[in-house]
Amino acid sequence: MNAKYEAVIGLEVHSQIKTDTKVFCNCSTDFHSQPNTNICPVCTGQPGVLPVLNKKAVELLVRTGLALECRINKKSVFARKQYFYPDLPKNYQISQYDLPFAEHGKLNISVDGGVKTIGITRIHLEEDAGKLVHDIGMKKLDYSLADYNRTGIPLMEIVSEPDMRTPQDAAAYLTALKSLIEYLETSDCNMEEGKFRCDANVSIRPVGQKEFGTKAELKNMNTISGVEEALVYEIQRQIEVVENGGKIVQETRTWDPDEKVTKSMRSKENAHDYRYFPDPDLVPVILDDDFINKIKKDIPELPEKRKQRLISECGLSQYDANVIISDKALADYYETALETASKQSDNSGKQIANWITTELLGKLNSAKLTIKESPVKAENLGTLVALIIKGTISGKIAKMVFEDMFNDGKDPDTVVKEKGLVQISDEGAIVAICKEAVAESPKIVEEYKAGKERAIGAIVGLVMKKSKGKANPQMVNKILIDLLKQ
Amino acid sequence: MKISKKDVDYVAALARLEFEQKEEEKLTEQLASILGYVDKIKEVDTSKIEPTSHGFSGENVWREDTVVKSSEQTIESIFKNAPAKDGMFFKVEKVMDMED
Amino acid sequence: MNEIIKMTATELAEKIKTKQLKSAEVVQAFIKRAKETDSKIKAYMEITEEYAMAQAKASDEKIASGKETGALEGVPIAIKDNILIKNLRMTASSKILENYIAPYDATVIEKLKNSGAVFVGKTNLDEFAMGSSTENSAFFTTKNPWDTERIPGGSSGGSASAVGAMTAPLALGTDTGGSIRQPASCCGIVGVKPTYGRVSRFGAVAFASSLDQIGPMSKTVEDSALLLNVIAGYDKKDSTSINKEVPDYVKNINKDLKGLKIGLPKEYFIDGLDTDVKKSIDETIKIYKSLGCDIVEISLPHTDYAIAVYYIICCSEASANLARYDGVRYGFRAECDNLSDEYKKSRGQGFGPEVKRRIMLGTYALSAGYYDAYYGKAQKVRTLIKQDFEKAYEKVDIIMTPSAPTPAFKIGEKSADPLQMYLSDIFTISCNLAGVAGMSVPCGFSKDGIPVGMQLLSKYFDEEKMFNAAYKYQQATDFHKQFPRI
C-alpha cells in the first residue's frame, strides 16, 4: 500500500439471529422453504397488524453483546426506519436508533503476529427485509419478484468503530467476529445463505492527518476474501483519485466480484432521510441485572480462552490448538473424544489431536463432510486412541481400524474383535514367532552379525507378516535383538 | 409561516406522493397555514419534560420462540389481494437502485 | 317489527336467549330498516345480509339445542369499515383499498363472534379515519339521521348514523381524536373511547398507533357497557394492550352517585360557547347536582395546545402507518412501467386529499432537521397534557365537558378550510393524548332539533365510574328514548 496515505475502515455486519421464529411474528425462519410459505399477515404488512417481540432474539443479542464486552443498556427502544422498497412490506423497518441494546464493546484480532483491538460502537436489533429476484437462471427479467420468507427474521447489526487500517485488519476482524458468534451459537453465520453480511465504510487520509477523509460505503461483498479484495481495490482507487487532483464523493459503491471493481450506485446528494421515531407499537425493553447475569452464565467458553486451556491442560501445540478451536464443533468433538479416552487411559490429549489433524480432517475434506457429519463419532476416536495407549493395538493396526470406522461407522472394539486385531503382547508367543523368523532368514542374520544393524528391519518385517501385523512392535524389536545376541 | 415549493417537493418525494400542479399549490398554502398554527407549541417550556412516545406505559412485552405456521387458506387470502403475481412470488415493476 | 328496532341490545339479548324472539327475525328487522333508510342516510359501505343471516341462523340453532350462548347471542352490530372481518371487503373508505378482502379477523371480531353477535354491515367513515364529518370518505358522505343536510360527525359517522337511525342497536367505531365521541354526539347516541390499551387494536387499520382505540356505540349507556364487556381484554397479539382483568361494566352501573366529584375544566367553558350547547350542559350540571354530585371547577392548563400537539403526533404516526399502501402486495396499483412511478401514482391517485395532506404534514414533522421542533416537542407537551389530567384526578372522580363546540354543522360548511375542521375537535382530543377513557352521552337538542352531547372523562381504567355516572344521568333524562323521524 501507498506509504503516503492510510486507510480508515469501519465495518457494519448484519448477522441473522438463530431463532426458530421471526422477530415480530411466529413465522418460521427456515432457510430452505418454498418462496412465500413462511409468511403471515404480520410480516407481509397487511392493514391492521401489530408486531410482538421475540424474547429469544433479545437474549441471543445480549449474549453476543456481553461476549463483545459491550455495555448492555438498561432501557432499549425500537424505532421505525422509513424508506420505500418492495422487499420491505411496511415501507419502514423496525430497527433501533437512540437506545440500542448494546454499546461500547471491543474485539481483539490477531494481525501481523500482534494483537489489535477493534472497538464495537453498538449492536442493535432489527428485522430483515425480503428477497427480490431479478433473473431466473441466465434470463434477466423485466420485472422483479418478491419473496417475503426472509422478511422479519431478526438481525443483529454490529457496527465497528473505524479502527481498522488495512484490508487485512478487516478480514481478521470478520474472521474473529464470525468465529466468536459461532461459538456463542447466536447465529449460523453462513455467508452463502446470507446469514452474515458485511458492508464497509472506507476512506483515506494522508498519514499523520487527524481528520477522516470522505468515506465511501461498499456493498455486495459476499465472502470475507471478497471484503478484503474490495477494500484493496477501493483504497487504491481513492488514492488515485486524490493523486490526480480529484475529490472523493460520499456515495455507495457496489463490489463486482466478476470484474473485481467497485462501481458507483446512483449517487445520492443527500444522506438518507429515514425519519426515525420511537415505534409506538412496541414498548421499551428494560433489562435488569438478573436478566443480564442469567445470560452471562449461558455464555460458553470463548475460543481464545478455550485454546489456552487446551494448550495448558492437554499439552497441545499452538498450531494444533489453533486448528482445533477454529471451529466450535471441532473443539467440541475433540473434548468429547478426550473425555472418552481419559476414562480408559492417560495422556491421550496430544495423540487425539494428532489423529484429528493428520487423519480425520483429511478424510472428511475428501468426502466433503463437516465434522458434525463425521462417520467416526468422537467417543469412538477417543476409544481408538485409548486402545493404542493401552497397547491393545499398534499404531499401524489402528490406522486399518480407523479406515473401517470411517467407511462403516463401526466402533473400534467391534472392528478389532471382528478382525482379530488385538495386538500380541504375550512374550512367549512373540519369542516363538521371532525364533521362526530368525530361522528362516540366515542370510540376514549373517549381515546383522557382521555389523549391518539395520538389517534387523527385514526380520521385523517378517515377524509382522507372520503375526498379521499384530505383534507388538516394540517387543518384537527387543526380543529379536536379544535373540540375535546369542 | 412560509413553506417553499422545494420543501413540498422534497417531502412529497419522501412520501412517494404525486400531486397535480393545482393540487400542489393549494396544498402548499394549506400546509403553511397548518404549520403556522401548530408552531404555537414552541411557547411551552418543556426544558425539564420527558417525551411521551407511547400510549401505554408497559415494558418487556414479548413472546416465546414457538413456530406457528399460517394455514394454507391464510396464505391464499394474502395472495388473493396481490395486484400481480407470478407463481409463488409477488410481482412488481423492475427495481432499479431506487432507495431514497 | 317497529318495536324490534327500538329495543336496546340488552333487551334483545335477553329476549333472544329466552326464545321470545328469534335472532333471524331480529336481524331481518334491522336489515330491512337499513335498506329502507340507507338511500337517505348512506351509513353503510355494505349491508352484509347473507353473512348476517347465516350467523343468525347459527345462533338460533345454538339456542334451540340448549348449547351455551354468548352475551350478545344473535344480536346485530354494525362494524366500522376500518376493522377487518375475514373474507369480507375492508376499504377504510379509501380507493386504495376498494377491493381489499380481509385475510384475518380483528381480535375484537373474534371476541364478538364468540359472543354470538351478528354483523349486519360495514359502515362508512372518513377515509383512513381522518376527519370529523365523514365528508372525507372516498365513496360518499353519510348523512345525519336527524337532519340529512347535516354531517353525522366523523370519522365513525357511518356507525353513529346507523345506530341513530335504528338500523342496528350496536356498532363499533374507532377513536383517535374523538372519532367515536363526536359522531355519537352529532347523532344523539352513546359513544365510548376506552382507556388506551383496554381494547386490542389488532385488526383495526392503524391511523395513529399511540392514540387509536376501538370502542362501542349504542343508544343506551347500558348497551355500551355490555359491548365493552365483550371486546375489552388483554390480547397477546397487541403489545400495547394491558394485561389487566376486565371488570363487569354492567354490574355496578346503577350505584348511587351521591358524593361523586365531577370536575368542570374552566378551559372548556369559555365565553362564546354555542348557546344550544351551553344550555344543555347547564341542564346537565343541574341534573348531576340533583343526583348528589359535587361540582368542582378544575383547570387543564395546556388545553390550548392540544390540537397542535395532536395533529403533529397523529400525522407523524399516520405517515409511517400509511406507507404500506403502495399497490405492491395489495390495493390499488396504477398502470406504470417503472417502480418509482408505481409508488407515487398509486398513492397519489389512491389516497384522497385529506389523507395526502396529513401524510405530508407528518412526513415534514419527522424529516431531517424538523424532528426536534415538531414531533419531539409535541411529545413533550403531550406529557404536560397527561400531567394536567393526572393532577385533576387527584381532586375529582370524573371530568365533564361538552362533546363538541356546536351541534352537527351542515355538510360542506367546514370542508373548505382543513384547519377550521381540525379546530372543531377541541373537546375530545386531549382525552386521546392523555390516554384516559371518555364517552359521549346525549344531553339535549338544539333549537333546530339537532342532538347535543356531553362528555364524561374518567381516569385510566376507571370506565366503571364513567358508566355509572352516565347511566344514572341517562335514567334521569329521556333523550335516549327519542328517535329521528327518518
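The chains carry the letters A, B and C, assigned in the order they are written, with residues numbered from 1 in each.
Throughout what follows, a residue touches a chain if its C-beta (ideal position, glycine included) is under 8 Å from a C-beta of that chain, and two chains touch if they have at least 3 such contacts.
The structure presented is a predicted model; accordingly, all values stated were derived computationally and were not measured.
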Of A-C and A-B, pair with higher C-beta contact tally: A-B
Middle chain, criterion being Cα centroid separation: B
Separation of subunit B from subunit C, taking each centre as the mean of its C-alpha atoms, in whole Å: 23
Computed distance of Cα centres, subunit B from subunit A, in Å: 41
Rounded Å distance, subunit A centre to subunit C centre (Cα mean): 57
In subunit B, residues with contacts to at least two other chains: 14, 16, 53-56, 58, 61, 63, 74, 78, 90, 92-96, 98
Per-residue multi-chain contacts in subunit C, two or more chains: 100, 103-104, 209-210, 236, 239-240, 323, 326, 328-330, 339, 343, 363, 367
Shared interface positions of subunit A, touching two or more other chains: 41, 44, 46, 52-53, 84, 86, 144, 146, 273, 275, 277, 280, 282-283
Sites on subunit A touched by subunit B in the complex: 19-21, 26-28, 34-41, 44, 46, 52-58, 77, 83-86, 132-134, 141-148, 265-266, 272-273, 275, 277-278, 280, 282-286
Sites on subunit C touched by subunit B in the complex: 86-87, 99-104, 196-197, 209-211, 236, 239-242, 302, 304-305, 307-309, 311-312, 319, 323, 326-333, 336-345, 347-349, 351, 353, 356-357, 359-361, 363-364, 367, 373-374, 376-384, 386, 417-419, 422, 435
Touching residues on subunit A, where the partner in the complex is subunit C: 41, 44-53, 80, 82, 84, 86, 89-92, 144, 146, 271, 273, 275-277, 279-283
In the complex, subunit B residues that touch subunit C: 3, 7-8, 10-12, 14-19, 23, 27, 30-31, 33-35, 37-44, 46, 49-56, 58, 61, 63, 74, 77-78, 80-84, 90, 92-96, 98
Subunit B residues within the subunit A interface of the complex: 14, 16, 53-56, 58-70, 74-75, 78-79, 86-100
